[in-house]
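Attaching a single structure in structure tokens format; questions to follow.
Labels for the chains are A, B, C, D and E, by order of writing; each one numbers its residues from 1.
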Amino acid sequence: SGSSALAAESTIVVAVESDFGRMDPHASGTWNTFKVLRHIFEGFVEEDLTKGGSAVPEVVPALAESWEISDDRKTYTFHLRQGVKFHDGTPWNADAAKFNLDRMTNESFEFFQPISKGMMGWVWQDLNSYEVVDEYTFRINLKQPNSEFIRRLTAGGSGSPRMMSPAAVKQYGNDGIEQHPLGTGPFKFVERVVGEKLVIAKNEDYWNEARKPKVDRIILRGIPEVATRELALISGEVDFIGTPSPDSIEHLKEQGMKIVTAPSPTMYVLWVNLKDPVLGNVKVRQAICMAIDRDNMAKYQRKGFAQPAYGILNFGGPGYDPAFRDCEYNPEAAKKLLAEAGYPDGFSTRMDWTFGAGSDVNTKGDAEWLQRDFEKIGIKASIEMFDNNTYWDMMTAGIREGTGFMSVSWGESTFAWLDQVLASTAQPPSCCNSGYYNNPNVDALLSAARAAGSEEEMTAKLREVQKIIADDMSFIAYYTADSVYATRPEIEGFVLAPQHWIDLTGVSKKP
Amino acid sequence: MAAAQAPQAPEGGAAHHQAIGQAGRAAARASMAAPILSVQNLKTWFYAAAGVVRAVDGVSFEVRENDILAIVGESGSGKTVTALSILKLVPTPPGRYVGGHVFVDGEDVLSQDATALEAVRGAKVGMIFQNPRGSLDPSFTIGSQLVETIRRHDPVANRTDALRRAATALLEVGFDNIEHVLESYPHQLSGGMCQRVGLAIALACRPRILIADEPTTALDVGVQAKILLLLKRKNQDLNLPIIVITHDFGVVRAIATRVAVMYAGLIQEEGLVDAILEAPQHPYTAALIQSVPDPDTDVAGFSAIPGEAPDPIAVPDGCRFASRCERVHARCRIELPPLHEVADGRQVRCHLYDPTKGNGSCPET
Amino acid sequence: MVDGPVTGKVASSRRRARRRTNLYFVWHGVGSDPVARGAAFLILVLLLCAILAPVIAPFDPNAAHNALRLQPPGTPGHPLGVDHQGRDILSRLLHGSGMTLLAGVLPVVLGAVISIPLGLVGAWYPRLGEIVMRLMDIVFAFPMALLAIMLAAFMGPGLLNMILALVVTLVPYNTRVVYAAATQERQLAYIEAARAAATPDLKILFVEMLPNVAAASVVYSCTIIGAVVITAAGLSFLGLGVQPPIAEWGIMTSEGRSYLVNAPHISALPGIAITVLVLAFNLVGDALRDSLDPQTRLRLVRHRPHLFG
Amino acid sequence: MSGNLIEVRGLKKSFQVTRGAILRRVVGVTTAVDNVDLDIKEGEILGCVGGSGSGKSTLGRLILRLIEADEGRINFAGRELTGLSFKQMCPLRREMQIVFQDPLHSLNPRRTVAENVERPLLNFGVPRAEARGRMAELLTMVGLDPTQSHKYPHEYSGGQCQRIAIARALALRPRFLFLDEPVSSLDVSIQAQILKLLLDLQQRLKLTFLFVSHDLKIVRQIAHRTVVMYRGRLLELGDSDAVYRSPMHPFTKNFLGTVLHVRKGGRWELAAQRAEDLEDLNRQSATHAAPQAGCVYAGACAERFLPCASERPPLFRATDDRWVACHLYRPPQAAQ
Amino acid sequence: MSILRFVLARFGAIIPVLIGVTLVVFLSLQLVPGDIALTLLGRFANAEQLETLRRHLGLDQPLLVQYADWFMRLVQGDLGDSLAQKIPVALILIPKVANSLILMAGSLILVIAFGFGLSVLAAANFRGPADRVIVFVSLILASLPVFWLGLVLLYVFGVKWKLFPISGMYDMIDPGGLGQLLHHIVIPAVTTAASSIAIVTRVTRSRLIDVLHQPYILACTARGLSRRRVVLRHGVRNSLATFANIGGLQIGYLFGGVIFSEIIFNWPGIGMQLYESILQRDAPMIQGCVLAVAVVFVLGNLISDVIVHALDTTRR
């Protein structure tokens, strides 16, 4: 709205819920960061987030124009899109693809990103080998069939197999790349002031006309404090905010703001520290599950922008069964169970918690709610709060001694995350099986689900996993939250898909 | 202050004096020897949290040309407050001018407003204080403080003029390294030098009268003599009347022509120095002079006044010295004696000198 | 020789006198100033609230009345409203007063207890004192709040660590006050008189000087309690102090921040409570300083302000 | 004539003015007491006069061993004080006490008058009850009401505080009292009371006083003998009468000249004029360090002559009872 | 002593203090419960990395040797890498320090202007109505917790009246320009300055009252100088040193406040960084922030000392 040359370009300001993590997509661990990274970097394939609704987003070609899957479902041949250039001018080709795969999977590679191993083990867990076939053909061989492999290539959040400019990595090195993230996406990285802002600008040379950005620049900033975010929106300092407080939505509407919501796979789950002497007892864990008043939690903590969740399979992911119950709310019974387990007077423990990121709202309130619910059956839980990025580091390191629970909002449109969470191979420090859950049956079932020939088979296997987890009660879900965004009235064209991240290419601003 | 502006019905024991004062003033104005300063029944009280301190409680005196009036008295007797009242400098609150008048050159100071007062202070009445260094602003050079005062009272003077006059003023108080002194800060000078600077500032504006509040108490003995000498010379050279406030009879003897002895907010005895020192009449004066050690007599031992001065908040009804007086009698404890004129220019506040009862005798014993 | 009864009389009046030492000046200063008296009363009331909170608070401070979340003050049954967790704010304020008082007062008290001997000994042995004070200079190179934040951050959150951090931060300040007072006191003739009377050093320090110097420390402590209460609440506000769900005013203010748009009372009320408490401490501190400060005290008793040179 | 209670020989004390804490630097040296020999006779009052900073207080403190001398010896009642430890000093402390100029600050403001007075007794192991009795006795002796002893010092006036301080000094029944300007902060009428009390006590208790003052009139009245100090050195010593009536040393003459007499004036004006002439000289020499050789007063002396600048005159006996440190009076045979 | 010599002497004196500061910052890490290497490396570290770091830091060495190593790196500007950002701490800090200094400068200006103006106004009307009001207001200001005042101002000016922006230093679109900065800085600066204004006012007022009761002020009045001149020339001049002194101390108090106002107003300065680093348990970053603040604080105090010295004629 100014008069300078810059203002003549259209710029929108987006405030997300926390500052961004690392700009290296192979090492970046938060969904919020991925909201930006997916606009800068692309992979072979991508989820189509330009459509709303509640259906699982479709997988569409991106840097691979097409692909073929061999009959044994082990060999994937990608035909790469031609004429695409990275933002620094480096051409995209099979060599670039190999460079990126080396970087993610080859420990002896000069530019190997060590963190990506843990981050993306779930993508490459069945990887056998890969090769450059010709300049625009790239082949990946799997050890065993993986029914979700293509969809997993679209995934993000905790590491994502997206393509970086090899030249840039060579030039700046693995650490320097943080300040020079160069991909092929619709937006180019402009600048980043840590803790302040991240600016991306329209990539004029973007290959996909349909997704060419409608705005010239997007300024993103992390405003962790929800009230500040809301106030900035109301005052017009920002155009677009993620996750207003459910309590403020009425107020924002009164102020003329647009509210966009969609269901999302964001499920809130308690990780239980199975190494804990008390929580190692399954009866204790069952008691805990029964102590949580999920209905009211969704109703009050989220003002209805959430549904109670039971079991490890999330809404929007494969195998989800709305009718499934791993336990019923019953504090009395929970108390009895605790007594049976030898803790009639309860016990004390600690919950490591995060202020949250992404669509997390008042997670501290959740913790306090749980604290109260637990108190009702005699469990005294203290809370320690951590910044989200740190929290993920802690998850990856495994729940520390003395802590009973951690909680994370997770759940994806693939069941890949179950591989990162449930599989014994995902135990720290690989990934996020932070409570050290180890059940060979689950490992086998997950692997079987991956290799499944049909959707029914996959679903069956996953539900079996869900059953086992419910019996072991090693993970306790409590609710699934909707994603909510609020924009200023001038913002148009924003479509919210049922996914954790958003697509900003279609967004424009009425002058 | 209302009390000071409207001539007020005189109160209590001072009634008779007030009448004399007013009559005298009318006559004096006509005559050549009009008093330069006339303080009439001055009452300055302090309204402190603990009660009313009657620091000055009906003081009257006059100063004429050539006079050096010494006001002596013990600590807390109201000397400083009297001096400050003359320039209406007592902080109000807690102070309050409860009654009386101060005439400087015929103008009633206490009834003047702030602007008019500024023209009296410094220009008509100069003042120097007990703490010589403390009464110079430590942050400014001597020169700038002199210049400031000079220009304040002579707005036409430009800086150079003022500086010249400042140099002259310093010269007059006996400095020879004028340049150096002008550039100095107070802390770079000795106490005696500071006092001389104070005197130079006070004299720079050619006041009609100088008030010196314990000008030598804080100084070494040698320096003290020097300052007194300087004061005496100024008095003679400039025809400048001076009020010297002191508690040291040595100072009184050294320079004063007349002396007023204060005790508990009241003048107890007033007269020529020689007369009083030779033959003090008020028992307090007598006892006080007695208690000063006299190196010229061989008599060892000290005659002390027993007891202590009365609490200024609860001054007794009668004579304020009654509780310590050797010659006290019943009347003293009831009735505050007025100032009795016992000889020409000699006044004593003591029932012993009640003219109706016969001087010097004890009426009721 | 003085006969028995007189001695007895002296003794009994002395016993009376000793009681007066402790309270006389405090009472004279604080008790005679109506504002300070009001402030002291308020602190007492808050202390009482802290003690009686379990009895007088209408609700459990952690009980959630979910249906009433974010209700403003004046809601029936919840005179000060309900917070974002559906908890009764009045009850939380009442329960929080104890924590807030504790976090503010305890570090000051501990700080004084450590500083007094340190400053005294330092002033008595100047060489040692110089070294101690130079070491303290290092601490003065950190802004007070920053040092407390750093220490609390490194030790990890929690009431105990916060108090520890505050004590470490306060000791140098208090020591400097004691040191300065003691150095000044050391010059006074009564100390020399004590030495002339063959009083051993330690006795001079802890029998003769201590009461005079302790007054300086106590006065200083009283004047900073307010600031320490704010700092402690600030640490909790940052998440470094008292941990949830314990009701504490700093945390309460911090938590309400997210609801500023539609429920400003959640932050406003504990903030007001802190302000009032700090104001009360500051008022009492000022009055105490005026009454215990030897300068003012002399003035108080002798009714003679030291105005004219 | 009774013997000497105190004999001081070659006493010297200088203060270093230092800067910096850990790396100390000496930026100046003040010689407060310079090579002093002095005898104080049993039962006498020795007056000590001198300008400000001449070292009077330091001399007294050295004698009481409240500060350590750099050089010299002090003999008290036949016992050598130099080199005694704290413990060894203890019994001697009973015999020598001090009264200060500032009465209020010489009492502990947070202890009652009774506690203040009892303190020395308790230090010497007097039982509490007995100490209390002694305290009452002492207060009565200095003219105070012991029933008021529960009050605090600031509730008393300056004169009364000085009485309390005297009572405290007398608590241990000392033989020697160092009075450091005990009356100079008091009003004339109160001064007289205190002096009277002191004289009375001295005679009754057979005390020996070292009485410091810069008021010559008082010293003349109270002291048997007077010693004149200037810049740490003794310039003249003799019977108070004699010193006063016929001062010998030019400094003493000047100093006496400045005394303001109540009963006859005049003399001071002359002295003042002379002092004025010398002021610059004086200031100059004051800013420089004391001359290494020569008379300390040479710089300000009107009667100085050649040897004054080069040789420091010792304090020698001029007549029977008179001692003076001035080349003017040096008998020829003593001048080598 | 000449000003130059004084400055040099003070510089000499702060060097040991600064070294002490680094020692305190270094040692503070020892307070962290548990393994320092783990703290420094973050929770990702595997055993091998930890071992490397331990060797690198010489954690097996005596503490003093470790400190010497750390100090040498520090002198070369190496504060280590941020755990959260994997960027050298110094790199992150520099812009943050600059931003904080801007906010500090704004607050300091307010403190100086109001602190001085109010104290002169109050002292000149000692015990008058203006004095009473100022004393009362400064009492209240001194009792306001900065974090709460920030919220109140944010609510009133940002939410209710929408007079000022409430977040950041510049507008998000088309950022930059002094105008924007000034618009953004007002409320954070007021928030930060409030209690300092109170302190400065109180101290300067009482110093000025003290000065106005000095004998030389009485002497000035007795020389016929007007009340105005006496207060504004002699009174003010003699309280300037105290004012500069307390003003210098405020740099420290302001830093305490800046931390909170930066958090509340999203001011991208060192306070906000510190807060985030604390939440992130980012030890090198916390150390860096503390060190930066301490250095700025010490230098600020040095400046104020020099001013005090320059103002004090008695020490010349």
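Remarks
Everything that follows uses one rule, which is that contacts are C-beta pairs under 8 Å (C-beta built on N, C-alpha and C of every residue); 3 or more make two chains touch, one makes a residue touch a chain.
Because the structure is a prediction, the values reported are computed rather than measured.
Following the contact convention of this document, B, C is the list of chains adjacent to both subunit D and subunit E. With every chain reduced to the mean of its CA atoms, the largest distance from subunit B is reached by A.
The mean-CA centres of subunit B and subunit C are about 50 angstrom from one another, to the nearest whole unit. Between subunit A and subunit D, the centres computed from C-alpha atoms are 90 Å apart. Subunit D has no residue in contact with two or more other chains.
Counting partners per residue, subunit A has 225, 231, 234, 385 as the residues that reach two or more other chains. Within subunit E, residues 154, 159, 213, 215, 218, 264, 279 each touch two or more of the remaining chains. Per the touch definition, subunit A reaches subunit C in the complex via residues 225-227, 230-231, 234, 245, 247-248, 250-251, 296, 299-300, 362, 364-365, 367-369, 371-372, 375, 382-385.
Subunit C meets subunit E in the complex at residues 134-135, 137-139, 141-147, 149-151, 153-156, 226, 230-231, 233-234, 237-240, 250, 253-254, 256-257, 260-261, 264, 267-268, 270-271, 274-276, 278-279, 282-283, 307-309. Residue ranges on subunit E touching subunit C, taken from their complex, read 16-18, 20-21, 23-25, 28-29, 31-33, 139-140, 142-148, 151-152, 154-155, 159, 213, 215, 218, 251-257, 259-260, 263-264, 274-275, 278-279, 283, 286, 290, 293-294, 297-298.
Of all residues in subunit E, only 42-44, 46, 83-87, 92, 95-96, 154, 158-159, 162, 165-168, 171-174, 264, 266, 268, 272-273, 276, 279-282 touch subunit A in the complex they form. In the complex of the two chains, the subunit D residues touching subunit B come out as 51-52, 157, 159, 187-193, 195-196, 199, 214-218, 220-222, 241, 244, 254-255, 257-265, 268-269, 271-273, 275-276, 279-280, 283.
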